[in-house]
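Structures for review follow.
Across the two complexes that follow, subunit A remains constant while its partner is subunit B and subsequently subunit C.
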Partner chain A sequence: MDQRKCECGHTNPIGTLLCESCGKPLDIEIEEQTAFPDMRYEGMARRSQTYTKKVIDRVWNWFSSVKIAIGIIIVILIGSAVGTIFPQQQYIPVPVPTEADVARFYTETYGKLGTIYYELGFHNLYSSWWFVTLLVMLGTSLVICSLDRVIPLYKALKKPRLNQHKSFLKGQKLFAEGPMPEGAKQDELLANAAQVLRKKGYRIFSTDRALMAEKGRFSRWGPYTNHIGLILFLIGVLMRSIPGFFMDEYVWVREGQTVAIPDTPYYVKNVSYHTEYWSESEMPEKLDLKGGVIPKSFQTDAILYLNKNADLPGAKPDLIEVKSGPIVVNHPMEHESLYLYQSGVQEMQLGALNFNLIDQKNGNKELGLIKVDLYDPPKEQDLGNGIKVRTLDYFPDFIMGADGKPATQTNLPKNPMVALEIIADNGKISEKMVYLQGSVITQKTDPQFGLVIRKPDLIDITGLNVRKDKAVPLIYFGSFIFMIGVAMGFFWQHRRIWVQFQEDDVMLAGHTNKNWFGLRREVDGLIEQTKLPLTVEEKSKA
Partner chain B sequence: MQFIQVSDWLLDIAFLLYVLSSIVFVIAMTGKNWAGRDPKQHEAKYGRIAYWLAVIGFIAQTGYVVTRWIGGGHSPTSNMFEFMAFLDFCIILAYLIIYRIYKLTVIGAFVLPLGVIMLAYSYVFPKDVTPLIPSLQSYWLHIHVTTAALGEGILAVGFAAGLMYLIRTVPQTVSTKSTKWLEVVLAVVLMLVGFIGMESTFARMDQKTVFEMNKETQNAMGQMEKAQAEYTMPALVAPADATIIKQGPMSPLFTAPTWMEGKDAARKLNTMLWSVLTGVVLYGVLRLIFRKRLGALIQPSVEGIEPELLDEISYRAISIGYPVFTLGALIFAMIWAQEAWGRFWGWDPKEVWALIVWLFYSAYLHLRLSRGWIGAKSAWMSVIGFVIILITLVVVNLVIAGLHSYAGV
Partner chain C sequence: MNKSNRTYIRVAVLGLLLVALVFALYSSFVKDPNAVKVGKAAPNFSLQQLNGPDMALSDLKGKGVVLNFWGTWCEPCKKELPALQQQYDQFKDKGLVVVGVNIGESTVAVEPFVKQFGVNFPILLDSQSQITKLYRIGPIPTTFFISPDGDVEEIFIGQLNEAMIAQKVSKILP
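Up next, the complex of A and B:
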């Protein structure tokens, strides 16, 4: 590597602005500039300031620029705001099964602007390629800018220069120079100053002619620490797209039902579901709810099973219970990295139809109860006395098809139609009847048997969100590191004060990365207590 | 029961004391140059009185928070009224903290009026103590909301100091872009005042306009009925596709665009229009009375304060507020969202706006530290930052509906 020799004899790596040893500006031009080189890294070489020729250098320099970083942040900010003008697709209030419906929703609800919003893809803005690209660019910039600065910063902090070149001291924003007070001794003055500064919490580095006091050096690592936290956070976010790290499923489970959780070896059973409401006596204040109620809790009592045969294709599930208990909003059920959240409910849904079978030719004598489970209709029920009931046909969500044949719209029992056959007298009597929409139609005009409709069984169906997110610990960890870094950088400041003698002059200079007010106060205190004949000149803050 | 009663009284007392404190602060700032007074002494004396009034008000408000917490059984941050009152509490707290560091009483001359406006704003919302619905029953929620409010309160002090810096330093002899924007900022503050004035005036009068929408929705009992929109303020703008069933003091001048769905959207637009209108009228009246830009009117009262100190205070407030806000509005929010919904981030509008506030202040910090944006530039940013916070609190809550939006005006 090309080296540059300073007049003090030290050879510096290329790109160095201030001699690593004596602090003299290496470039003649710099010496004459009014603006002194950026003090942040004490003139140490930075890659981005040194190499500018190749494409890779250009890319590196582009990403290491704070100006660009701010630009990226602002673009992300504006983009995010645009995404809140109309709801994102996931928050659309009505179900929109197809892409065409989505498009229609935006047009119909929000007019022309809605159409444009949809056409530009803003309805899925946060997962759009350009938004994700912006986030990746931010991450890249964070990594590169940190790499670009960490080594120079390390060097600048590691070897504080003691005997600075005069132009170095003069270049500081806080600088004062004056003649030695009459009869004062250098070493006494230095010892005095050291004592004052030590009391203020400074660490003292000194030689016989010079002193440098420093404090809060570690706070300079604050920004890098917080950027590392952000990088970890972003890595966590990216990890969620690796298969197995993140899973998001939704299952609807009826009371009493056990269902398989997709993509896992687990099954979940809904033992019971109930919603509780706040009673008036529990309310801190009488409220006019206009007849409404305020829910207190949504709770599913659930059992989680592991299927031991999950790896054997075609084998019957062999379930063993791994966990049971309530699932309440804000208190998910947790098993290893799997979480089950209470997230929806359909209450009072039809579960089973109930009928009383009567003998119409015998004074409407009750013959027994028929129950048709709408999720699992029984093939045949035996009512005793030689009477059997068969389920001939069942359409959970009845609709008359275009071909004139009955059909079902969905497989949820929203509008059930059941055809039953009553068999009595050892098969001599057979009567068929159909239940639909609250009435019973019989096949014969003068049937012996009749059905009296009873209150149906109503059940609750709970909606459970099943999630797995292995990146969460990393995301929390990244946030934690970020906070530590921010605290380091904000609640402490890096300050350096130099006191130096040159011939018969005293020179004093100060530098800080922020809070010049505080530094100024300490420097003034120092001058006052050591009775140095100095007046500080503060250059306009750059 | 009693606790809630007491908490109401305490809040009223706090409000009154803040108003008094603001008045004394104004006397401290404007009376400096009255004849026969030593300006320094005058400012110090009245500043001290105003400061202590604020302290006692703050103690009363602390009492409000505690009693309402006990009486309601949960932290008083669960609806718009409680949140705004709590934010106000945090603004005053932040002022007291910053005062401890810099001993500059006069910051209060800007912070306390802001506190009065915020508290008055909270009074506009229904004050009922409602029991918590399941999704709000999490201690993470309370930690999240209280910390976020504290962060916003501290950032508000950063705004107040930034605004003082601008009023102190923007030359008022000629009209420039800076003076114009400064007037805009002051006019926006007046709009907030106008809104509160209108809302509290009409809330006490029975001047309601009721509309019936041509759309059926489910009511609390599960029956379908036509939705009604009830305006407390006179109707400037009617909901789309609705008929008046109770005539108010005036007939609507025009109809809201159809995309403003929801029975409340048009009413909120109406409220917003009135706020802007009254704010502009207030501004115009003040201009007519004093025949000066408002910035020029206030400037003499902040003379004599070192601009660098204001800059420093604004920056210090933001650099304390930023981590607190990050912790409360983003990190704790993520933890809670993870517990409640199994996702730490969902791009809900309220979440996005918290992110926007955070990104904005991140940009502020980078501009300041790495690009040397201090003084005026930095002060403008502190003002814009707080405007974004206000947008998050007011517009996003009231206009853009989402998971977090509190129902209300």
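Up next, the complex of A and C:
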């Protein structure tokens, strides 16, 4: 006899566990009740088990296996863990300009294991081709596993089977069987049961001699809903690689400076920066801060410009203001999909040196103020009265070079040295002097001009994180769908109760995908209220 | 659903997932699509010249260009400058331009330095480091050898000597 043909006459696809028509278990003898098939997919054949002839079907079947899916997840977990043993390339603490330097770093720092780590590509694990492939395979498995199970499940649940085979009912974890009570009528009993169950929120499907009550069917869609959420999430992550979808840059902007934002046509100006502190009167209790302060807010007043001349990088920008306002921590400046976050500050940095030029041979008479902007020192300043000041040389971060000549360590004014020339009397008088580390050295032993050091200009440099992430709405939406799916599957249960008359017996069976205790209570309530002479047996496994 | 329909749907679903895989792999291999690469056109830019008008890279089409990113604080850059100057003197009549891009320093700092080393090839001031970022400059000196039609022939990170420059320049002369 064709194995797929049930005794009720229905032909089932290969792989079917419970007959699609009458619910009788196929292929196996139900002698031992514990061998009753799993109810997880209603005993339907997974679609992948149906045909396996073509290559495409074999690929499909491979991805359809939950064992394979778990395997992929385990490999991803192990891979991710291994990626944390040694630092990823981007976190190497020393400069490694070339690929050879990267390789050398791993070998020299971690020895043989480091070499292997590098050779296998673990130093760039999370963007390596094989890790990305695994993630896409996981996505594929998610899609195919879901499709393969949700469609048969949907078909099975869409047409509730009323006249189940006796062995189907017997195979359920909750089952009771007993003779018809004396003088009772089938239709009355069924109507009574239907009423009781309806009150409990069940949907009733019935014929003249059978009844099925069902509630919470939608909770069966929970896992598939959360898979959809996960897939949307993965698509969102993948979308970040599309040019223009994602950027994460950092710019330092001095007060008064306008800076280009890399890879965008935008410029940002730092109008002013200030940190606000809590005053003592605002504090709920007296704190001993030992002279310290607690910051209240970090704020940059900024202007965002669009450069109309962005086609040629470096060319003089043609700026149009598009937005202005404060940027405070957690309250970024927004323009289209660009976000500017307050995320760093260097306060009280040297911006400019100030000097008073004095005439030492004339009672230290003040001749004027000299300002040396340390980011762009002026070549020449005119102080009036025929006095000019030239900047001869400038080392922003002074160090004495190996050749005995002054040099600079960086291009930032951390330790500025400035050489100035004072020219007076139409060039007849020329005196040179050098400012370094808070003192002025003059060339002549008995100079006419002197410099009085005044308070330097101190500026704040704000650190702005510029981000663009167009995939965020999709990632949030995916996460939201995921949560809905989890809630559906967690907080509701799919409960079914069958009441059936076969010959002179009444049979009752119940099934739920979780919370058997809740179902048991409802079944007990049903028996009590309909006064059916049944004792429910609860099996340990079904 | 019949058999051929099912195969059709499976091919479509797997095809779609394959496209996703190809895209994911492509973006894992090409991490920075805007990076300057050998064989690709050098991105055009314009910068202010030290003691001169603005200069655009496109102005130098038809000449071999040695684009050298440097700073006065960088020792190997200092050691390399005379070699660059020497090669510039030797090949400038044969269509070579050496362009030094100074990274984020002021005129007052750069000018005496350039004078001290006797450099007379064009020096561009990248005061906001915009071009430095555009060319993804990490450690300096970094030197780009650009052919007369504007393509990057070679990128070299580190200090060059005369022989190395001569050998590389021979490939980009018009």
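Just so we're on the same page, the second predicted complex is superposed on the first by the 423 of 542 C-alpha atoms of A that agree within 3 Å, B and C clash if a C-alpha of one lies under 4 Å from a C-alpha of the other, contacts with A are read in each partner's own complex, and residues count from 1 in each chain.
Heads up, the rule we're going with is that a residue touches a chain if its C-beta (ideal position, glycine included) is under 8 Å from a C-beta of that chain, and two chains touch if they have at least 3 such contacts.
What you are looking at is a predicted structure, and each value in this text was computed from that prediction instead of being measured.
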Next on the checklist: Taking the superposition on A as described, I'd like to know which of subunit B and subunit C A:11 touches: first, second, both or neither.
Outcome noted: neither
Item to check | Which partner reaches more residues of subunit A (counting touched residues only), subunit B or subunit C | outcome: B
Next on the checklist: Let me test your reading of the model: by the given contact rule, A:83 touches which partner, first (subunit B), second (subunit C), both or neither?
Outcome noted: first
Checklist entry - Looking at the overlay, does A:430 come into contact with subunit B only (first), subunit C only (second), both, or neither? => result neither
Item to check | subunit B versus subunit C as contact partner of A:207, first or second or both or neither | outcome: neither
Checklist entry - Looking at the overlay, does A:109 come into contact with subunit B only (first), subunit C only (second), both, or neither? => result first
Next on the checklist: Just to be sure I read the superposition right, which of the two partners does A:132 touch: subunit B = first, subunit C = second, or both, or neither?
Outcome noted: second
Checklist entry - After lining up the shared chain so the two structures overlap, which partner does A:443 touch, if you call subunit B first and subunit C second: first, second, both or neither? => result neither
Checklist outcome for this item: subunit B and subunit C footprints on subunit A meet at residues none
Checklist outcome for this item: Residue set of subunit A touching subunit C in the complex reads 47, 51, 54, 56-57, 59-60, 95, 97-98, 127-129, 131-133, 135-137, 139-140, 143-144, 147, 235, 238, 241, 243, 259-260, 262-263, 312-316, 375-379, 391-397, 407-411
Item to check | List of subunit A residues in touch with subunit B within their complex | outcome: 66-67, 69-70, 73-74, 76-77, 80-81, 83-85, 87-88, 90-91, 109-111, 113-114, 126, 223, 248, 278, 282-285, 287, 289-298, 328-332, 339, 341-343, 465, 467, 469, 472, 475-476, 479, 482-483, 486-487, 490, 513-515, 517, 541-542
Checklist outcome for this item: Seen from subunit B, its contact residues with subunit A in the complex are 1, 4, 71-73, 128-131, 133-135, 137-138, 219-221, 257-259, 261, 308-309, 312, 316, 319-320, 322-323, 326-327, 330-331, 334-335, 338-344, 346-349, 352-353, 355-356, 359-360, 362-363, 366-367, 369-372, 374-375, 396, 400-402
Checklist outcome for this item: Per the touch rule above, subunit C residues touching subunit A in the complex are 3, 6-7, 10-11, 13-14, 17, 20-21, 23-29, 31, 33-34, 43-47, 54, 56, 71-73, 103-109, 112, 126-128, 130-131, 133-134, 138-139, 157-158
